[in-house]
Structures are given as structure tokens and as C-alpha cells.
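Heads up, the next two complexes both have subunit A, just with different partners, subunit B and then subunit C.
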Partner chain A sequence: MSAIIHTELSRCIACHACQVACGREHGGAENIYLPPSADRAVPLVCSQCEPTPCLAVCPPGALRRAGDVVLVDSEKCTGCGLCLWACPFGVIGLATTGRPVHKCNLCLDRLERGSKPACVLTCPARALSYGPYEEAVAPARQRAAAVQVQAVARGEGR
Partner chain B sequence: MKASHLVPTICPYCGAGCGLYLVVEDGRAVGLEYMTDHPTTGGALCSKGNAVLEVLYHPERLTKPLVKSDDGWRIADWGEVLEIVASRLGAIRQADGPEALGFLSSSKCSNEENYLFQKMVRTVFGTNNVDNCARLCHSPTVAALAGMLGSAAATNPLPDLANADCLLVIGANPSENHPVVAQWMMTAQERGATLIVADPRRTPTAWAADFFLQLPPGTDVALLNGMMRVVLDEGLHNRPFIQQRTSGFSDLVVSLAALSLEWVAAVTGLSVANIVQAARAYARAQAGAIVYAMGVTQHATGTQTVQACADLALLCGHIGRPGAGLFPLRGQNNVQGACDMGALPDFLPGYLQVDEAQAGLTVVEMMHAAAEGRIKALYIMGENPVVSDPNAGELRKALNKLDFLVVQDIFLSETAALADVVLPAAAWAEKEGSYTSTERRVQWSAKAVEPPGEARPDWQIVCQVARRASGEEANWHYDSPAQVTAEIASRIPFYAGITAERLQGRIGGLLWPCPSPEHSGTDILHQERFATPDGRARFVPVRYQLPVETTNAAYPFTLTTGRIGTHYNAGAMTRRSPSLSRYAPDPFVELNPQDAATLGLAEGEWVQVTTARGQVKVRVAITARTAPGVVFAPFHFPGINDLTMDALDPAARIPEFKVAACQVSRLEV
Partner chain C sequence: MEARALQVDVGKCLGCRACSTVCPAGLIILQDYEGRRTVRFAASCSEDCTLCVPACPEGAITLLPGVRGTTLEVVFDLLPCAACHSPFITTPVLNKLQQELARALGPADLSWLPLCPSCRQAQQGQAMTTWGIG
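Up next, the complex of A and B:
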């Protein structure tokens, strides 16, 4: 199964490290988002969806899938912005100079060196991980189970 | 692809001591890499660490020595400015005595630089008037824990937090301000640990809390005493530990005898039930950790509040074992080191106590002395008191009264702007040296690139000033920082096994005490005995006291200051980093929606915040994070400290930053 970036919401502390790291690695274009909130943190990053709404809607065919990752061909991109509308998570960005669009590329150059995406490496709370879905979801299930066990131990029931 | 190499450095921001590699190509740092085998971080780095290159290559970096003239700044050469500094300081010393001089060392500079600075102050200029900004943050930790435990440092390493089954985080917001610590706290919680957070604001740290105790600023002693009352009432105290390893328990019992939980509830606004639950959770834990920071220390009762934290830990026997300890979160990247090196008016390197009659002045006392004309010259290295010190309006007047002010820094900070002479210094990546983090971790930061223009490493500048001022070479000839490291090892017993060679290339460095070259450092302190003369820890009972300034009709809100995650301290670095400052480009205060509604204020509106000492113009951020009646002001912007008071803790001489009375009003259009 494909390896993508997973976000563990219970761990995100809204520190913005992932955003600063991503922007630095990608010439100022940030591809991970943290909607502002007073008491919650929901980091949003491309899920490299399959089927792929952004790719399906792109008129010049500037989006293509290469294995696990969906990439933008900046030569073909016209900056029309339709992919921004199609993306269910709002994680495609329009560069301020107009075109092209930018999106998470899983830090492909890092993956090729045997490393991991910068946001994953930097996250101080270990809220981001990179790998197949099963690897990410198993610890999440364990965490959820631990919460329930604790609650029962405190006499709070389910 | 160009050939590039990785240089290991230690982040110049906070005391978490994160390692990061700079990617150097053709003499320029073109990127950074994560140090994934770092024992504390696993390679993690917060937003500020990720933005360090914006500081390193900022166009405003000081590159030339500057001398103030009637027409503004004049660029000078090193020969001239070193002569000016040495001769002006020498002349004032000659005319008015060494006590007319004051020196602020930098808790951002390396151990070697701090050691040399205090050596210069003491042996060349003949005074103990040397201090560093630990004064403004953890001086109560030193004052309290040195007496009670014999050692004032964090008792356990940061990853050990994962081994606690109860975390009491009081007056601290690690998820925001020491973000890499969050991973260990969360691991503890995933293993079933209970997280108690006591803070006037619902911070990101509090989001994950099992018990969130939202108490008013300055009431922590009442809460801690209340918790101890519960522990004693329910017989949850650790009798064997108390008997074998402490003294003064009966004094504590007597002091708490008349304490009523109803009174504690009234003072703290918490319910008796909540106080009881929190106390039970901490006392019943196998291993309890107390994590604390400025909410505990930055008060005129800061020393007492730290004492209350330590009393609670001793009462429950939660010291000296994995997961059980006291974790003061130290702020600056090398504030622990600056103190270890004796850049303090009352301690020599290694905490040898200076004779009380000869002890020098602390930071705020020096500013008061300057205002009164008793101090006529200040030499400030890597500090920005105009922004970070309390009652800053009066402080600016004091600095302007000086006969001579020399500031050594990487930027023309708000303090440097007032100087007679400015010395351009190298940034962390442009020099090498050792730095000691909040967990006593001593690490080597290597030199990656050359300093810009005429900027020089601080250790070289200090040696050059010392040579000129003393007229002698012998004590000031060092070929490299490593030689200074060796001298430090020969002077400080708990650094005796730490050499540059051992540190270089050793990811994670060494945790002191490291008393010999074969010793591999010490994880957990106080395992067998405390560092006191009789080996026992001493209880010190404390009584709750009201803050110095309470609200009244003219100033009906409680002002508390603190930090946010995307800025850092006086802001000289982060306000110049666009990827960080965009999150909070303007000074602001947090106001509860109820208060905002009463005042008729809209989100983002500019308002005036006034105290008895001054006023500032800030934006208003309306959030339920902060309780009604409380106004929270991040202090990263000039002017915020015009509002705060310089009333001092009598033991630690830390100012009462955390509580003042203020008014918030619409700006007159």
C-alpha cells in the first residue's frame, strides 16, 4: 500500500515547525497547512489521493502520478486554479507570482536519498509520520485504546 | 551537484539544546539537515530552529565596529574601538572605582565565552558586577534548589519525562516554548500518564491535560500548599523517603497545619475537588515529574514558589529516580552554561560562592545603580535589556545617563542603538564552542561558515579587550575555544571530564556532572544522596503572599506577560525572520471575549494598554484561552516591558514580570 504522510491529531501542538521547514525546503512554497484555532490543531497535508480529484480536473494535464506521489509539472501548469477547487483538503497552493501551483511532493529528493519528508523529520511532537497506511493507523488504534483503558481505570466508564 | 558538507551545530534559540546540521556549500550555509540520532530530539526542530538561516544571512547583521558621533554612527576599525573600550572603562575605574562598572554576559554565548567574560570582569576590572539574563528567568531556581537540594539544575534528562506516570506542569508551556519536549510528554501520556497543567491560560500544553487548573497569575504557592495539605491529610506522603533522605519535615507540617482547602479554592478559583484530584494523582504516581518555568519563577515570590514545588516533590518522594524529578525549563540556549561558568555576581565558576560582602550587583540592580549614577559604564554582550528588562522606560533613561555604554551583538538591537560603541559579533554558526542545555547536556557546536565583514567571535573580542585593558598577554592568549574548554575542566569539578575532543563528534554531548575523562556523564541527580553537606534535602515551608501590585479601579485587569512559539525572547532574531514573524507581526494582547465585549473591542483592533509605569499600543487578540480579567502580553516586542514592574524577589532578585495591574482602552482616533 502507498506510503504517504499521516497526521496524528492528538499530538499536533500547532507549533508551525512543519510549515517553516516545508517552505524552506521548497523555495518559499509551503505545502502543509495549519488552520488557526484557539484550542485545536489540525495539520493538513496532501494525501496523494487515489482517485485523484486534482489530476482529474486539470485542463493542461499538468498533474501526474508517479508511484505514491502526485506531482505538478510546472512547465505545463497554467495557474488556472481548478485543482485548488477540486482538492477536498485545500492543500494545493497558488504561488504568489501567479503560476504554477504547488503541492506536497513528499520531499521526493529526500526519499531518493533514503531520508524522509522534512515535515516528518522536524515535527517536535511526532505528530507526522511517513509510511504505509497500516503502519500509521496501528499506533493510532493503540493510542485510542489506551485512552479508553485509562478512562475505565479512573472509573469513568466508556 | 556541488560538493556540500554537513556541520553539526546546536540551535542558537532555546535551552532544549536541539542539534541541527548546516549544509555548507562553497563557504555558505545553503540548507539544514535534521540530526536524527540526537538523544533528546530524534532530529526534531521547532519553527525557530527551522528558520535559523534567516538570522544568519540577514542584511542587518552587524559587520563593522561602530562609534556613535553627533552625526550618527561612524564606522571604525577594530584597533580604534578596542582602544576606546579599554581606555574608557579603565578611566572610569580609575576615577570612580571598579564598582562603577557593570557587565552583562550573554546566556546565548558559549561556555568558553562566558567563562572568559567573567574572568575578564573579575581579574582585569576587579569587580563582581557581572550577571546574565538567568537573573530574569531561573535565578529563583538557583536560589531555591541550591539550598534545598544542593544543586540547582534539572534533576533528570528531558526524554526521561516519558517515564513519568504523572506530569505536573505548572507555570510552563513546553508545547509552545520547548516544543521538542512535547514528544516525551505525549509518550508518557500514551503509556497512561496523567497530565496536570496549572496555568492562567489554556495553552497548547493544556490542550492535552487530564486536569487543567486555570488559576490566576501569582497564586501558585496557594495551589502547591493546598496540594501538600491534601497529601498529608490523606497520608499519601512518602514516609520512607522523608525519613531517610530529608530534613525539616516537621517544619513543613507545622506550616501547613492551619491551611484550609476552602481558602485555597477561594484564592485560586479552583474547586476543592480539583485540587484534591490533582494532589492524589501526583502523590499516588509511581514516578511524578514537576515541570516548571516562568509562571513559577518570574515573581517577587519566585524563590518561594520554586521552594513550594520542591517541597511537594520531596513530600511525595518524586526525586532521584527515572521519571521522578524537577524539570526547570531553562530558556536560553546557554543560560545553564552561563551560570555554571560563574557569569553571576555572587558565584564564581562552578558555583563557588562569592563572599557576601563582595558580591556584585544583579541585572536590575545594575540598572537602578546606573539611574542613580553609581554605575557609570556598562559593557553588554549579547543581551537586549531595553526590550527584556522590566520597567523599560526607566531603564532607557538609566542607560542614557551612563558615561559609557558598549554593546557587543549580531544586530543593532534596541539596546545597541543607545550605545557609544558597538562591537560586531559572530553568530553561533560562525564560531565554535560548547553550550549547556536545560538538561545539563554539554554539547559542541562547530563552526560552519566565516563571520560577515569585520564581525568577530565573542571569545576573541573578550580576549582582545582584556589584553588591552590589562596590558598583559599571558592570561589572554588562547589559540582556540578548545583551550578554554580545557581551562574550564581544570576549574570546575563537575566539568572536569569534559573536553572539546570528547564533545566533538559526540552527538548529544555529555551530561554533567562529568568528573573525569573516563566518566560518561550523569543522567539522574540525587539518586543516592543530595548534594547538601549532610546529603539530605531540606524542606523549606513557604506562605502565600499577594502579588506586589493588585488590580484597582484605575487598572482593573491583571497583566501577565509571556511567550509565543513563533517569536523568541526580545525578538531581535525572530522579528527579523519573515517565516516566523508573519504569524505575529505586531505586538498584541490576548483578551477574553467577555472583556472584549465589555470594552466594545473588535478582533485585531489597536488598543492602548496602560500601567502605572507606562503605556503601549498593541493589537487585541480575542480568545477564550485567557481567563476574564486577565490580559496576556507576549514580551517579544519593544515597549511591552515599559508596563512591567521591577519589584524584585529578595533572594533571587528576579523582577515581578508576571503580575501587574493594567487598563485596556480604545485608542483615541
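Up next, the complex of A and C:
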């Protein structure tokens, strides 16, 4: 099962450390976002979608999939912006020079060295983790299930 | 380098950012102002490059040696985001995306397409909060 960056929403304190770490890792380009949502912020990264809308619309074919991750070829990118507008989650950004576009690459360099993505290592609240999808999601599902069971036990039901 | 006319097929121009971004000499300028996008093409190019030609997703640009060109302005209305109403996309780009995404994704929910990237982020954040998972 593919590996993802998993976000534990209840832990995020919107400190923005993940964004600072990501920008530092990628020459100023930040690929993790914190859109506000009700009373909290939600850390949002590229889902490395499959099928892949950004890759499908890219005219020079500058986006390619390499295993779990969708990568930008900075030589081919013309800065047209079509991928940016094709992303359902708005998580592709444009460099100040107009190109290339930038997006989360799961810190591939770090993964290859046996490390983890910069945002995951930096988050002081441990709201971000990296690992196989099932491993990442299983604890969250267990917690959600426990909350449901407790509510039923108190007679609140659902 | 001999000057060549910078010829643009206006009907094909999407109003994207490719040509203005790749031109090393600033002969193609894109400007967004008050809900409209203007792409201004110089009449001729004497640079030793043809970067704009392959950069254009629609092949709308031709460089013609020995021909006298004219400056050209292509103007687009920027459609407003369906949520925050800030102008963000041209109609030809939106149409192209609808076409390409339908081809690549088949029948799919594209209701997020008229939203600007910031509002798409916000929508996804809301969805993740509602589901209670990340």
C-alpha cells in the first residue's frame, strides 16, 4: 500500500512550523498549507492522486509519477499553470520566477537517506506522520471508533 | 539575429502563463488588472531563441522571418471564483481543463473546478474536519 503523509487533525496547533521546514527544505517553496477550517487549521499536502489530474493536463509532460510520488521536471515546466488550476485541492504553487511549479515531493531525498519528510520531523505537536496508508489511518480509525462507543455508552448515541 | 514577426493565432490563445514566463527578453508581457488579463506580444523578436513556440500548449505562436509584425494585445476576462469571487481563470483555460479532465478521469465530480486554489484548499480542509480524519 502506498505511503502517505498523514495528518492527525486534533493535534495540529497551527504553529506553521511545517511550512517553515518545508520552505527551508525546498529553497523557499512551501508545499504544505494550513487552510482555516471552523476553529482550527488543517495541514494539507498533495495527495499524490491516482488518477492524476495535474499530470493529465500538463502540456509539456513535465509531471511524472515515480512510485508513490508525483514529481515536477523543472527543465520541462513552462510555468503555464494548467496543473495548478487542475489540482482539486489547490496544493500546487508557482515559483516567483513563474516556473517551475512546485508541489510536495514527499521529501524524496530524505526518504532515500532513510529519513522522513521535513514537515513530519519538525511538527512539535506530532500531528504529521509518514508511513503506509493502512498503518497511518488505522490508529485514527480506532480512536474515532472509541469516541463513538463512548458516546453510545453515555446514552448519547449517534 | 534577423528580426522575425511574432505571430499569434488569437483564437488558440488560452491566456495561460507559458509564453510570458519562458520569454527571456520580456517581449511577451502578461498583466492581470481589475478582473482582466492582457497578454501583450511585441511585434518582432530578434533574440536567438524560439522558446515561446513549443511552450505554448496550443501551438498558437509562430515566428516568421522576413515578415513585418504588429504588436498585439489579447485580452481575457478572468472568471471569478465561485466562492470568494476573486478573478482567477480565463474561459479558454477552464474549457481546456474540463475537456482534459473529463478525458483523463472519465465521469468525475468537477464541482471544485470553478473555485480558486485557496478556496479549494479551504473546501478540502472543511471536508477533512467533517470526516475527522487526515
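Everything that follows uses one rule, which is that the second predicted complex is superposed on the first by the 145 of 158 C-alpha atoms of A that agree within 3 Å, B and C clash if a C-alpha of one lies under 4 Å from a C-alpha of the other, contacts with A are read in each partner's own complex, and residues count from 1 in each chain.
Keep in mind that, in the parts below, a contact is a pair of C-beta atoms (placed from the backbone, for glycine too) under 8 Å apart; a residue touches a chain by one contact, two chains touch by 3 or more.
The shown structure was predicted, so the numbers you read here are calculated from the model rather than taken from an experiment.
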Ask   = On subunit A, do subunit B and subunit C fit together or clash when superposed?
value = fit
Query = After superposition on the shared chain, which partner residues are touched by A:P53: those of subunit B (first), subunit C (second), both, or neither?
reply = second
Ask   = So, A:I32: does it touch subunit B (first), subunit C (second), both, or neither?
value = neither
Note = In this superposition, the partner of subunit A with more touched residues, subunit B or subunit C, is C
Message = With both complexes superposed on chain A, which partner does A:T78 reach: first (subunit B), second (subunit C), both or neither?
response = second
Message = According to the stated criteria, A:F89 is in contact with first (subunit B), second (subunit C), both, or neither; which is it?
response = second
Inquiry  = Going by the contact rule set out at the top, does A:L63 touch subunit B (first), subunit C (second), both, or neither?
reply    = neither
Remark   = For apex subunit A with the CA centres of subunit B and subunit C, the angle to the nearest 10 degrees sits at 120
Query = After superposition on the shared chain, which partner residues are touched by A:C107: those of subunit B (first), subunit C (second), both, or neither?
reply = neither
Message = Just checking: does A:A21 make contact with subunit B only, subunit C only, both, or neither of them? Give me first, second, both or neither.
response = first
Inquiry  = For A:R40, using the defined touch cut-off, is the partner it touches subunit B, subunit C, both, or neither? Pick first, second, both or neither.
reply    = both
Ask   = Of all C-alpha distances between subunit B and subunit C after superposition, which is the least, in Å?
value = 13
Remark   = So the subunit A residues that subunit B and subunit C both touch are 38, 40-41
Message = For a test of understanding, state which residues of subunit C touch subunit A in their complex under the given definition.
response = 14, 16-18, 20-22, 54-55, 57, 89, 93-94, 96-97, 100-101, 103-105, 112, 115-122, 124-126, 128-129, 132-134
Key: Interface residues, subunit B side, partner subunit A - complex   = 31-32, 34, 36, 41-47, 49-51, 53, 175-176, 179-183, 186, 190-192, 202, 204-205, 207-208, 565-566, 579-580, 583, 623-625
Request  = Could you pull out which subunit A residues touch subunit C in their complex?
outcome  = 6-9, 33, 35-38, 40-44, 51-53, 56-57, 59-60, 78-82, 84-92, 94, 97-99, 137, 140-141, 144
Residues of subunit A defined as touching subunit B within the complex = 10-11, 13-17, 19-21, 23-25, 38-41, 118, 121-126, 142-143, 146, 149-150, 153
